[in-house]
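First chain A sits with chain B, and in the next complex the same chain sits with chain C.
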Partner chain A sequence: MSESTPSEISVTINGVQVEAEPGEMLIAAADRAGVHIPRFCYHERMSPVGMCRMCLVDVDTGRGPMLQPSCMVPVADGMSVNTESEDTKRAQEGILEFLLVNHPLDCPVCDKGGECPLQDQTMAYGPGESRFVEEKRHYEKPIPISDLVHLDRERCILCDRCTRFADEVAGDPLIHFTERGNATQVLTFPDEPFSSYFSGNTVQICPVGALTAAPYRFKARPWDLEQVESTCTTCSMGCRVAVESSRNELVRYLGVDVESVNHGWLCDKGRFNFESTNSSHRITTPLTRDNDDPRQLLGSDWGSALALAAEAIQQAGPGRVGLIGGSRLTNEDAYAWSKFAKSVLGTDNVDAQLGDGLSAEVVLALPLATIAEACNADTVLVVGPDIKEELAILHLRLRGAATKGQTKVVEIGSTPTGIEPYAHRSIRCAPGESAKALSELLASDDPLAAQLKQGSLVVVIGRASLAESEEPTLSLAASIRAELPHATFLPALRRGNVRGALDMGLAPGILPGRTRLDQPSPALSANWNTVPTTKGLNTTEMLRAAASGDLDTLILVGADPLSDFPDRNLAAEAIQKVKTLIAVDTFITDSVAQADVVLPATAYGEQGGTTTNIEGRISRLTQKITATGSARDDWMIATELAWRLGGDLRLGSKEEIWREIEQVAPSHSGVTLERVESSEAHEGILVQRSSIELDLPAPGTPPVADGYGLRLVSGRKLWDAATTTTYSPSLQPLAEAAALRVHPNDLQRLGISSGTDVRVISTRSTEIITAIADDSIERGTAMLPFNQPGGGANRFIDAAAMVNDIRIETV
Partner chain B sequence: MGYLAGFKVTFKKLFEERVTTEYPKEKRPKPPRFHGRHVLNRYEDGMEKCIGCELCAGVCPARCIYVRGADNPETDPVSPGERYGYVYEINYLRCIHCDLCVEACPTEAITESKLFEFSFSNRNDAIYTKDELVVGDDGLPQRQPWELWHEGDDLATSGWMRATAPSGNPDYQNRSGWSGELGYGIRSPEMGQHDRPEPQETDNETEEDGHSGVSH
Partner chain C sequence: MKFFTEENLELAHEIIGRYPKPRSAMIPLLHLAQEQEGWVNDDAMTEIAELLGTTSAEVLGTCSFYEMFKRKPVGKYVINICTTMSCALMGAGDLMKHAESRLGLKSGGSTPDGLFTLEGAECQAACTEAPCLQVNYRHQYRVTPDQFDQLVEDLASSDSDIPKHGVLSQIRQHIPEDKFVGSTPPEDVVSAPVWLNEDGGRE
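Moving on to the complex of A and B:
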């Protein structure tokens, strides 16, 4: 159109005047006006392609009505649209008759049958009969295109949604149209599966049953599903999900489109790990040690198990008890444990993080950004773990923003990451020297330095490598604060509700509401029996104290230090030395197997409450199924234990707990239960206040590497030996075996060929691991994923060292 | 003698044909569309017709049907196609024999027999499992210990599957719409609604049910 576009456009849809924004597609304007135009290929989060022609409507731009696809026509002022004209109806009938020419009528055995847009729209807009009597197109019935997704090409209507998603949104263009004409079909490349971390989304957006998910295959029909809206707690992104169950068994999660967080997408780990909740390996009753054979854990009852636990805690006394974990829980459960430890037990030895995050005082004091701010900032500086592996949906959001040119992603790290192909600049540095690399960049006359200094800047900060101590990351934070004071932060922390757990005071020196021990709110002082006066120990210090015999009782709340703490030797020594180990968990993990008292807790889907994501957004969790066995919510366990120790938490329900949190936590004041339960919580309620002053330690310098060793880098992979992955039968095979990646020249120097077993020696351990040559790894460094099946990097790491070196030898 | 007048009716009836029968020794023929307990049919090659689609469970107003589907084992498929019903249960304490499940079934897997005389002594017996519902190798329903059967009762199985021809379309009148069935083969077509003879009480139920060409 030649006329200049005004700021607001007015179109007439079915005789009703509708205001639209310039550039908006007609179909979107109609949606907002409440006029539904049928569609298959159009998806509001992807670019329009006009593949299916289902959205043809009569558009009159002054030249008379004409059928046009409303997903491809931008609104223009004065446009008159009729979505119910005779021509439109005839077009819709024709398109549906065409689509059904080759679509098999196997709806009764199709997983989509009952919620299928093709079924629904055929009923609503179809001709009712087909003139096509010839044989339909035939292909081999479902072929697995990845371990999680099946493709039935007979059912495909070639809408281009999955292929567009793979290319545009996920950045894994591994499925595409092949052949031409009647033989056009969606297919992977030969011998290359659709192994995307986001493949499950294609199943959700497929408008027919062409793509189905292996974990949901034939599990239920849509009409026997019950659905609630909840929040995923697999990682700390807080994606909104619809949790669906059939017959009290979780069968499916669907992504819910929330503008501020996940845009409707989910990663495959979050989408499919519901299988672990249903696992038969869940702990169903309390377990205690057999008196005759102390190596055996025997089923017990709640009364005696709680009595044993209370007795051990009582005997140890407040100074010799520690509580590790809590970052898998809801805010309410975390608050109950926090109040239990600090108010009833009187100890400050609590830590929700397992030595793999950042100090709570730093996390809670950093000025927070939101995910949306990050996507719209001039620059996003990513210094931390590979977000594609650890915060997959944040990767998706940043990738989308970077490819659309909304922001520039700059990363500083020592190993290749998933965001690298979309990064404006990837700066490689030696492990532990990211602060130095940033300072060098800022001191140079590189245009990027000016951009960082002037434009809006969001820093995604976290522990890039678990083989490094926290110190290099804190040094980096210090130099960012010093040189780029306008930066805001998104802390990339591990485990679902770690942010909420820290907010609730599950960290040494912290009280609920992002306050320090010495500044309790008046409401908190009134509500709590005692408030610890001296700062307690963090996880590393607790494990060290336990190993040297200074702690008698250790309580693990959904924590597995043997697998998740960076230093396995220290964790093992601590667990062995401690007199009583109490574990509150859902599965018998390595650490739980060593416990003296095991208390079964409810898992995701079995509990309601709230969770807080990395940006401080509080959203609701909803209970969908009943608890396994006699498992209880964590707050009940904490309350019960407190009562047995002569204290009373005075907490009777999750709602009551939230009311108390709202009163005692200054950061959460005003976020009332009513608000949390209202529709406002659909997007989540942002809580970013903090009363902690940022106080960063002075930077130190990492030791110089000797010529023989390789500096170890270790991060997590999406598919690893994490508990929920291990106990999800569909996901468990996706975790690759542990392998050490080294630059080919470093291997060659030692006369080792790629793919052979090598002896890996560190100050902590000597083990045999397969070494693989990888020229994307810098020389002098070696990358070992943190927790793969068959051996984690935590065996080689010394938590006391700022960086860890290893040496490799031929076997 | 006035009281004898009262016996007039009694004596008259003594010589008339009796309308009552010696039930349960003797059973009267059931109407053609009588709804008894269900059977799960099999194709002539022995494959089960049920594909576990749960449409019967979805339509059931009494919510008495529980079905779960599963992937057909590749080497030893239970039914043709991808999916089969690996759990199929009907709770006869709830079933109201409305036959909506039969209407909903896309594969004619579930039909109703004319068997209705069962007395359970516990609730578990009232839940018929797939093993109990599926027809035997002769295509006839399997007798459960608590069911009252007379000879030939089982032959009156598979009543009308649909109230009318497919979609009520007159074009399908006198065209066989059913697939082959174990023990019955292909059944003869249902007659059109208009050229149907007036329903008569006959003692030959099988003919009335539309079974033909098969000797029992």
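Moving on to the complex of A and C:
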């Protein structure tokens, strides 16, 4: 035994020899060996605490067997473990009897009943009856500890899972053990709710029914639920989820633990926005304009609506039609729309991004990193949106890696972010000047410069502010490529499956498979009718063309430019000027309400297929429920439209589409349908190849601020006026109205006190908004969330400007 | 709403400065809060959380763990009568009854004038001097009912050197800055402790 090297430790569990890693806890080694040790507090993604004592087993290290908690005992060579001894059984019975002393046994009315570890383990390991005949502890039940989570302290067995999660994983220790001894209970501070973006995870990991989620309370019983594994498409992280439904209605999502992406965690937005799929506001039937009163949208049938749409597209001709959107789509649907536009219509005016990201050529050409690589890199440079707000689980992963010392997070930005408290360094710069800040750092003798130059480096890159053009970020990317050529990138893409849509060619100048227009693969040339020869317009250019009367028909595929395009005024002008607006969507958004033809599409949970996350990881979406009303999958709509325009997409099912993608898209070659449908897709299939060469423009300099104005910075919040949030009744109240945050000195200079309404003036609009003094904002800048209920920054932004300035006045 | 007085706030910063991690100053700051008001209210916990860069819930967790941090107002003098074995044998029960009738309240209650709070307590480690009690954690030995009355009179007429509840010591120690923890690493430490690493011990 003493011969073994430190990398091999051998322990005997129930007479079977098991190899284990040094430092591994006994319970984890037993799990790998297929020996189940009952537990409540132990969770493989959190540090062990030994709170519940349920995992006591007989451990013999040469001095005779002794009961020890297997979650707290690291394996040691030669250890002999018995998980089924008489002593172990007596310990398990004793612990369960203790745990049940105060547990109310209200299982028949408890949401956890039927999937409750306490219930299950009592059945399996419990004593059968209790000697406790006295009165149990009583508390008010349940109390809301946040808008989404209810706490029943009577059911709580004090395992420390939720409180540990809040502190260790989420970094929001807003719930804590209070009091002592028999009075110990989990509580928030009075009037300070557990308002964490990740609160729903505590409900999932609670081993009893103490924490329940408001959207699921009394909705279903576990034995009524059907479950499929799928991927969340709320943002572009691609977290794995279990989608659960009861009676053809989505009732719950659970995080699925995959090593590559989410470690089992979900953000509350992704976890609870299933409510929107069930919403009664969904579009259930095609809608067209009433002939008598064109202000009205009237229910129609698919035949007439498609005919109207086809006619409008036909009349416009390929040069005067554009297609915006695609991030809601699966890869297959995106491919169908891409083929529809480029091969049947013959137009290259398509863009899945809404002028809020980086050019598709850049996104598709950046050398990619994985999330795991980022978490283990010497340095992660974050230059882009506040990832806690926009890619919440990436924030969770990077925060975890930073607090464990696996990596050092360095950020360059102009406003405070959620990762700042965990950052090794936060470099503040004026909006639009991040490239300059980086160059200055690299030219200095700061030790950080050497670290960036020598160590492994992953850059999380995205449009930092929606109030600046992509130019400053591209300048930064150019200087990173020039000075830190070893860096790899994680593009911080906005919205669901943007990566997949770009991969499928939903961008000007791009063909499916990360290729340029002029390099179609032979398979693609064989499959497609035509391939556009000249590069088309992106969203900004399309809207500009529409506004000046150069586009006749706009097709919005799950896009709402009025809410999501940075420049609302331009979008409004475009929508007003365009002759026919066709919208394929799930809800009547601001833009859809202006459409002439509305075609209802299936929503999340109603469609199968694949999706691709920021790393280029392809994972499966699974259909769980039937589509609402007569809503159809996007690929069917594209195929129908094509057929009416005299083209045939020759696509008959999602499987057929994937087979074609695998053939025509060079980057996806080898990722066969069989692989996508295999267990390999559980962790996701990484596709990082690209045949596009990175070509970054030369850096420009942002204009100098005039000294009177404030430079506007804008980003999205997790709780905003996004469609799925708005139509999820539990989430909608969480989005607050927009407030303008300004440095107190700037407010004072203008004679404005914090919390009062001010007139905000930009070249685009003048509106009244509440101003709040915030000393974490740099002087000379103003921060306004992009899309909150009642309005946001998109009213003030001029998409043509590199940076946007505003002025504020007293009302 | 600010809780600490200007003077105490300054002291709070000094106390925080003594520790490599601000959070370590939580209990000293709770004592400081209790010294100021006689008890620890929610505003105090919120402000301590702000000062330490943590959440109020964490401060509440620590504060509520310890019996001697009071989260409800108490009298200027908290009288703890020991009720454990030795004192019980030597008449603590009678003493408690007498105390309740003398002060006109039940154990756990406070007098309306805000002077006294009466509590039963576990062993105070003075078994040879039973029955004993503590006034603001200062011992009184072999207390008879008469002596108890005298004690109450003395306290009420401020003829006593016992400071009000919450004051741990009437001598304020100030630690010079160069003696703060971490300002000079001990010579016999071979490898630097974690809180002296390049991050400055940042959590």
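As a convention for this text, the second predicted complex is superposed on the first by the 806 of 811 C-alpha atoms of A that agree within 3 Å, B and C clash if a C-alpha of one lies under 4 Å from a C-alpha of the other, contacts with A are read in each partner's own complex, and residues count from 1 in each chain.
Assume contacts are C-beta pairs under 8 Å (C-beta built on N, C-alpha and C of every residue); 3 or more make two chains touch, one makes a residue touch a chain.
Bear in mind the structure is a predicted one, so any value in this text is a computation, not a measurement.
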Will chain C clash with chain B on chain A after the two structures are superposed, or do they fit? fit
Residues of chain A touched by chain B versus by chain C: which partner has the larger set? C
Counting only touches as set out at the top, which of chain B and chain C does A:141 meet: first, second, both, neither? first
In the superposed arrangement, does A:224 touch chain B (first), chain C (second), both or neither? first
Partner chain in contact with A:284 - chain B first, chain C second, else both or neither: neither
Inter-centroid angle chain B-chain A-chain C after superposition on A [Cα, multiple of 10°]: 80
Which partner does A:113 contact after superposing on A: first (chain B), second (chain C), both, neither? first
Chain B versus chain C as contact partner of A:85, first or second or both or neither: neither
Looking at A:195 after the superposition, I want to know if it touches chain B, chain C, both of them or none. Which is it: first, second, both, neither? neither
Of the two partner chains, chain B (first) and chain C (second), which one does A:529 touch, if any: first, second, both, or neither? neither
Report the closest approach of chain B and chain C over their C-alpha atoms in the superposed model, as a whole number of Å. 27
Chain B residues within the chain A interface of the complex: 51-55, 57-58, 69-71, 81-83, 106-107
Going by the contact rule set out above, which residues of chain A touch chain C in the complex? 172-180, 187-190, 192, 403, 424
What residues of chain A sit close enough to touch chain B in their complex? 106, 108-109, 113-114, 141-142, 217-218, 221, 223-224
Can you name the residues of chain C that touch chain A in the complex? 42, 45-46, 54-61, 64-67, 199, 203
